[in-house]
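In what follows, a single structure is set out as structure tokens and then discussed.
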Amino acid sequence: MSVYDEILPSLITATPAEGRELAIKIARKTIAAIQPDADIRTKLRPDYAEDTSKLMQAGQIVAIEFQTIAAANNYWRK
Amino acid sequence: MSVYDEILPSLITATPAEGRELAIKIARKTIAAIQPDADIRTKLRPDYAEDTSKLMQAGQIVAIEFQTIAAANNYWRK
Amino acid sequence: MSVYDEILPSLITATPAEGRELAIKIARKTIAAIQPDADIRTKLRPDYAEDTSKLMQAGQIVAIEFQTIAAANNYWRK
Amino acid sequence: MSVYDEILPSLITATPAEGRELAIKIARKTIAAIQPDADIRTKLRPDYAEDTSKLMQAGQIVAIEFQTIAAANNYWRK
Amino acid sequence: MSVYDEILPSLITATPAEGRELAIKIARKTIAAIQPDADIRTKLRPDYAEDTSKLMQAGQIVAIEFQTIAAANNYWRK
Amino acid sequence: MSVYDEILPSLITATPAEGRELAIKIARKTIAAIQPDADIRTKLRPDYAEDTSKLMQAGQIVAIEFQTIAAANNYWRK
């Protein structure tokens, strides 16, 4: 059993937009896996959501996760 | 339904230049997805647009997104 | 003999969720390989688990490791 | 129409050296797309060109852009 | 002749674990190539081994090097 | 004509070790292309060679450049 079982049954999504949502979801889940204490995460959240540099760090993680998901889906080419 | 549906129906673009524009668009959309409060984003914007280091962070995200889009388009090889 | 022998017999996993767990595991092992002193690592741990920017750095490493593992598993395509 | 139309008609270049120049050019263009005010860019320029850490950030962006361009050109293998 | 000749005769390793060790070895060697003065490196070492953020930077380099080595070995698929 | 013509006639090298040297060379050349003033570069050099965090940034750029070169050479598989 893994904490990812529920959100990550597969890397395959119907559309690029859904792939993007999945990228954000697994990025968030990883932060939760590294810092399992929900109270600390809640305390930290405003810190990154209102700090440009940290928002950018988050954006970069999503970009990397999306690379993986897009490749998995053969870029949703028709 | 996803916030990306409108801007990201597909990773396929007609030209590299359009691929580049899409890279910037999805990078921006991700920041909006992480920080949904438009007022806070507006407040943060000058912070990164006038700070070299943060501009560079933005530039790096765009470079990574473009890698994905370029691969999706087989690099627009003729 | 390598410190990785036990945790990394293979990059192949049954599911994406297990691949994700492996990504976290090898990322952690690398930190241990670079800083072998367990006492120092224990002392450092709260430092990154309660600091948004460092949590993000950790999240990025996991994203990169997962790219490798996902490719190894042909993205668990059925 | 895109601001990239002129500099990025194609990712294909005759040589690796030209590919490298293109990587630098599109990296610069992205900064201009994010911060369109030329006066602010001019003011920021010494800031990164004389700061090692920011120079490194720029170097990393160019490395990532070059990855894309090199793949597009099949690495200029003869 | 190259400083890498001894440690990097090939990217091929017998196992993922050995590939991981190689990733750490070439990452270290690069630092030595950039800063050839062993005394300065020795002085700098505690600085990164006891600083979470720098440990993370090191972990990220290893992750990138491992991507290359894993691809070279076709991910050690059987 | 490009400043890279001399050092980058090709991404193909005889050995992984030479590929590694090339990665360092093109990374350095990029810094020179971004900051063409040799006096400023000389002044900046101790700054990164004696600062762990900047050394790491340099190491990461080399890792990314090497990914490209290794792929170009089909990982020097025999």
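Brief remarks follow.
Chains: A, B, C, D, E and F, in written order; residue numbering restarts at 1 for each.
By definition in this document, contacts are C-beta pairs under 8 Å (C-beta built on N, C-alpha and C of every residue); 3 or more make two chains touch, one makes a residue touch a chain.
Chains and their UniProt names: A, B, C, D, E, F = Hexameric tyrosine-coordinated heme protein.
Quick caveat: nothing in here was measured; it's all calculated off a predicted structure.
Here the chain-to-chain distance from chain C to chain D, counted in touching steps, is 3.
Although chain D and chain F share one sequence, what matters here is the overlap of their interface residues, and that overlap falls short of half of the numbers used. Inter-chain centre distance (chain A to chain B, centres taken as mean C-alpha positions): 16 Å. Among all residues of chain E, those that touch two or more other chains are 53, 57-58, 60, 64, 67, 71. The touch graph of these protein chains is a ring, one cycle where each chain has exactly two neighbours.
Here the chains link up into one ring; start at chain A, go to chain B, and the full order comes out as A, B, D, F, E, C. Interface residues of chain C facing chain A in the complex, by the touch rule stated above, are 15-18, 20-21, 24, 49-50, 52-53, 55-60, 62-64, 66-67, 70-71, 75-77. Residues 2-5, 8-12, 26-27, 29-31, 33-35, 40, 44, 47-48, 51, 53-54, 57-58, 60-61, 64-65, 67-68, 71-72 of chain A are the ones that touch chain C when the two sit in their complex.
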